[in-house]
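All chains are identified by letter, namely A, B, C and D, in their written order; residue positions are counted from 1 within each chain.
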């Protein structure tokens, strides 16, 4: 029988039961590989449930550092009886199965074309540990030990990680170490180590850091100067606030008084959380909330208020599968339209699309400058895939000379100097008016904020011309926004080409890999990664410069494509949908296949409208 | 000085103070003209306020029966000191001013180029009526009497209307009649009657009826079999429910028990009202709510639930000026995108666009068939202009052989016969699954409804393929919807033309008039009135058949145009925006000017992309 | 996963109720909650209550919001239609359902996050509107499904698993329900099925808004020392004011309690609630007294349980709306459509 | 339009408060409400209260929802920033504002529709969260701005202008506020400025969530016979439990009441509330007693007014959150940004 052989380049999958403590063992295993200098990209596939349901941890080991999902599975660690059959079926021919052989299983439960490694984990634990909770927990770290041996990894690295993780809790260090060692020794004793798959020390990781996007957003909000966070728990956004809270405690606790230089309020729902953010933004702090689809739907009325009354606010939308409660623990990019045109009436909002934790940090910090400069809500559009999974990415950086851009805030001094103040007056031609913060001046600059129409001096007015003035100014403001948001990133093909591809957000690593694959197959496509909305001028220029442009998205209806067409008055025939929306992260393989097929077809048959069809 | 002369074709405007009781006098005056067989189109221009603020009643008298707003004012009845200056300024040169001359005004307060008719209304009332509230109220009917004389109308008609309106209240009849007569006599005594403007008996009204769109929707809901209405007050939709309630009392009170064959609940907010509608629809009745923009924003999460769980619901959106609280008493068509793609995730909803009260009735009745057939929310998109103003329109009709289409509801008998039931199974290929109503069968057909993803048998499932099956089926359902919604209405130009125009909803009368004006100017444009979304195939065919198509809308961003492009994959360059969005109803003049200018330009210079610019 | 479906075969031997249903007929899908979760005990109590009341499973509709608690309707009464709506908005959906068909029995199941945080508005209004339903909150003081944040019922000073003290005032749903017009109000504990089952039975038989707050510990996130919603804490601070027994109208009343300690409440449908007083002199028909007792004992740190209030003459929403006896969802075209003649007359009046 | 702006010239002659402001300095735009609307009297009381308390107008922030009542912040304190937010959601906006700057005085004005119907959830949570603000509901039992529908505070049996009887149980915001943790709770009547002005003063001086329910008749839609929120009805059923006098810390206390009938409450900022008991023996520091009294009298059809509850040791949200003394909106880049060195260290820990 064949056995897959690969070094630093394969996929391991752990099939576990949720709530069983496997998550931290799996993560430690991933870190161990990183410590050996080999890049990994892990993904949690978990249910909307607390305990007892299937959960998977998919770990892609990639010498080249591809962060996208690869698909397939070379080594399955199958520890969940409920999902046994499908887990076994998923293994690539010639792949490996590691399982708990304590209970004997009939031959029919296995496959002939895979390599089976049975370790009696439960039995060993029962023998080695007396305490029943210990037994259950140490089983997890024990299979880490087994894998360490099977994959030829350095046991010292695992030991180090255990020591770090349980620093100060000597008993736990000892127990975990022992469990890992038992597993390690057992494997070396009973199996030919290493398998065809192995990890070899390398320096593929470089200075990259390993963190999830939600933590990065939380940290970015600290660096961006956010002081108020109001939120309501919802998967997959909850950890944004948990991280913000932890980093605030660390960095924003007044050293003298121990008091907090921030305020975090768990609101009673999403209407209240966005209301608090708006109240806080109006009153001169940088405030944000984090939520997901259902929260976005609930916030619609308030978002319209912030837009029309022109109040800075940052909304982090960690997207999950929609519509409705949808797939709460799966990933999608399907809230673009709901955010870009949020609320009734004619609106248009600023969106940012970070690709990874590094940009989650950068954009989160920048979003507050944008929100205050533009006096409007700014959405950070991440998703479960980058939000809740650790990723290797460029280290965070910060320029200490950078100052927060608080935008056009009129001070008491300026008012005293006699600067004229019209809250909704476009004095600079960029559509952005001046504002004052409550409490600024005893007699000047106070105004009445409202969501109803008013004149440039914030007086209630039902006059058509006041309304039109305001709407036209808001349009100008959107043009200003276009210039301020992060510019798109161009990746040119090695040869000049008629084909372009536009993508955004968490699609980035799969896209990069797909481009490399296609280049290898002599298919050349220029790629533009869009990073914000309203779209920068470069986006239209890019589309103009190509005969056909693929738009790769993780939603069903091609939402970014619609926005491109609408906003750029582009011919839709030119924009070819590449859509993946079943809730799993998109793969390079999927993208490359979809694009290559169309390009191949076009070689045979020249450009016709009928070619423009949905790719998924 | 010139004096405008016109018979059955002019604009009168009443400038009043709100809460002063002028509304019913003005309306009676409009009815008097109709009773003389002359068509009128009135419009209330009112503030978001209860008492003491300016309000206008603009009455277009049009022999040809044009229902659109004309613009300008030939006769101003100026009864509000607050707005005197702008009211006087608005009168066309040669036009007429009627005012209360009790208090003398300086010459500077008038214009030289208008005809001034001063009637000491307050003084006469003070003399004639003892009771102070009577004095104030009868002043209104008194100016109606004055106008009756000035415009050469039949006093008997007014008398008749008074008798009808106050039937059973003899004192009121007498008082009102007397006040009207005093005004009538005063005018005939003091002025040369008639003015250049006059009403001449005709039969231009025919069998048309005079009613507002909101009442028509309420009546349509009764005819459509709605039994549950849950709502929350909001201008301009409140009268939909008031009408539904009144018609239900009239037509749906059980003759024996006096009990109600309907239930109307004033909910605590819009989230609750749509929730109740969904609960009721799930439980097998026809239910609806009526709201406006802010309510639509609040309903987003629930709309997504109804969409994804596939529950029939009808939502009447009487649109007003947005965004946010916006212009609560002005008209717009600016919630199309907020409704068509309501809620997070990939959604697409059914919209209907009635043009006038006749269609408000028809579509309201039909919407329940559509909602139950398609098992989805259906939006009736009216607006303040047709919702809250009386319109002459074709009489309502009803075919008694028509049966309600309850859609695919599986009965206990069918279940007993062994018909297989999968709640989300596409058995017929039209994307529409079968449902059962709670309580149907003791052991078969029960299922669990949820907004999370599930398989075709309504079991919770996080599997990607179950999700995709469902989303693809929903797409098919949308294709089915496309065929069921009211077809667009084509109005061909007298000559074949390269130009088309698409419009919808309350724009219809102004559009019809604009087409006639343009025809008269030898500008030929084919017109298509879109009546529903997802768009029928004819819409794309129409666009394909023309070189350029204008899209006339009452919003700032061209929302229907965006939807046309998105859904039809059309070249935006072909679709030229004609946008009017200051909150006043669009006029024929505006449309004809906008379209003619572009066509004129194109005669000089052939089709270039740059021509495609915003027209307002 | 406390409830494993028993193999079908056994059901032949199981006892049957008046309608011939076994207890099994009132069960649902296998629970996916954490082992030991209080919510599973509440599901079991609901199953038992429906079985004992001889309810036809399909004449009941189960509704919920979102949360671990709101998942539970999938785990009982598999032959009933269920509706797992959106977070915090079950009351409006239940109200709409009740409008559509006044003849079904409506059971709403919710959580403390679902009803006291995001859903407090809908909760309050459903109570005051008089929706004829049984509304059960499975109250654990935390958001279970989103992993243990405090909910609005968490007591001031209660300690989270991570050691954080709650600073906000708690919302007492029972006090609110009493104040807002619920006509049957009780509190119980998921660990006390002797009390819980009859309380649910009485509620299902009640005509009007019946509310039961069930303290139902979250073993995963809120069962530690320092929590005031743990099994241990509730057991220690539980003060039951009465024990209830529900007697169906067709059964003779055989009560073995000493006279004087018993109170008899006849409900709208003829069913009788027998209330045995415990400890304090407590009058369950005195709304103001009930509120007072609740507040006083709460101030002392006690959790008052039992049937706290019942209004024998309660009315429901349909009565207020004067709707016809026939459920609205059974009216047909002829009942509803006024027809063309009426329309012609109306047209004429509009000229 | 009850308040017509007086010509500027006069102000020279007007009396001035300690800060040198005239009453005029606390006024706002001209009211556009109906002549006689109760809300205008509440605005006048707010003006008077702020004038008497020597508040710097710009140190106050006015917030509201949507409704006739919610329009009123435009009609007082023209030199303060105001925020007319969305319907029913003022409390969250006020909470956010209060988080941003703990040093301003926050005044929320709302209606009964705004706070008891659509907004009851936010109202409840702002109270329990301890937002340091004065929250006034101008309660007329109807939706004024949308023309007279019943709101959730309309009493059961109250008659609408069109003759319809209200069937739903009323929501008593005072009872709710008491239950939910408000630390200053009063009720008054727009027609009784003697009572209302000091009540508002005490609230503005209170540290914590202060709630005042002001019955404020809607002359246009709810002032007829049969309404329980009409001027006449309220006058007849008003039962004041006390009269309050607010003494600023810098003033000596000179009270002329007989000892024994007076109760002295010292607030957080040193201001003193002198409460003269009327009629019943009423203890305004007994929360449970207050609730009880309220419920009992309500059952008798009486409208209890006065300062019903005050907690001298009240704490606010900032205390619970342990935020720094400096308002958050005055922290600068250096206070907030951890800088590049910290980031480098963090990067290192993530490898």
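Remarks
Assume a contact is a pair of C-beta atoms (placed from the backbone, for glycine too) under 8 Å apart; a residue touches a chain by one contact, two chains touch by 3 or more.
Not measured: the values here are computed from a predicted model.
Matched by residue number, over half of the contacts between the chains of B-C recur in the interface of A-D, chosen from A-C, A-D or B-D. For the interfaces A-D and B-D, the C-beta contact count is higher for A-D. Chain A and chain D have centres, each the mean of its CA atoms, that are 43 Å apart. Computed centre separation for the pair chain C/chain D is 35 angstrom, with centres defined by C-alpha atoms.
Taking the mean of the C-alpha atoms as each chain's centre, chain B and chain D sit 40 Å apart. The set of chain D residues that touch two or more partner chains comprises 86, 117-118, 120-121, 124-125, 129, 152, 321.
Shared interface positions of chain A, i.e. residues touching 2 or more other chains, are given as 48, 268-269, 294, 301, 305, 324-325, 450-452. Across the complex, chain C is touched by residues 117-121, 124-125, 127-130, 152, 167-172, 175-176, 179-181, 287-288, 291-292, 295-296, 299, 320-321 of chain D.
In the complex of the two chains, the chain D residues touching chain A come out as 56-59, 61, 63, 73-74, 78-86, 89, 91-101, 103-104, 121-122, 124-125, 129, 317-318, 321-325, 328-329, 331, 333, 335-340, 342-344, 346-347, 350-351.
Within the complex, the chain B residues that touch chain A are 47-48, 293-294, 296-298, 300-301, 304-305, 307-309, 321-330, 332, 334-335, 337-338, 341, 343-348, 450-453, 462, 464-465, 467-468, 471, 475, 555-557, 559, 562, 565-566, 569-573, 581-584, 612. Of all the residues in chain C, the ones that touch chain A in their complex are 1, 32-35, 66, 68, 86-88, 117-118, 120, 143-147, 149-150, 152, 220. Contacts from chain B toward chain D in the complex involve residues 19, 48-53, 232-235, 238, 266, 268-270, 294, 324-325.
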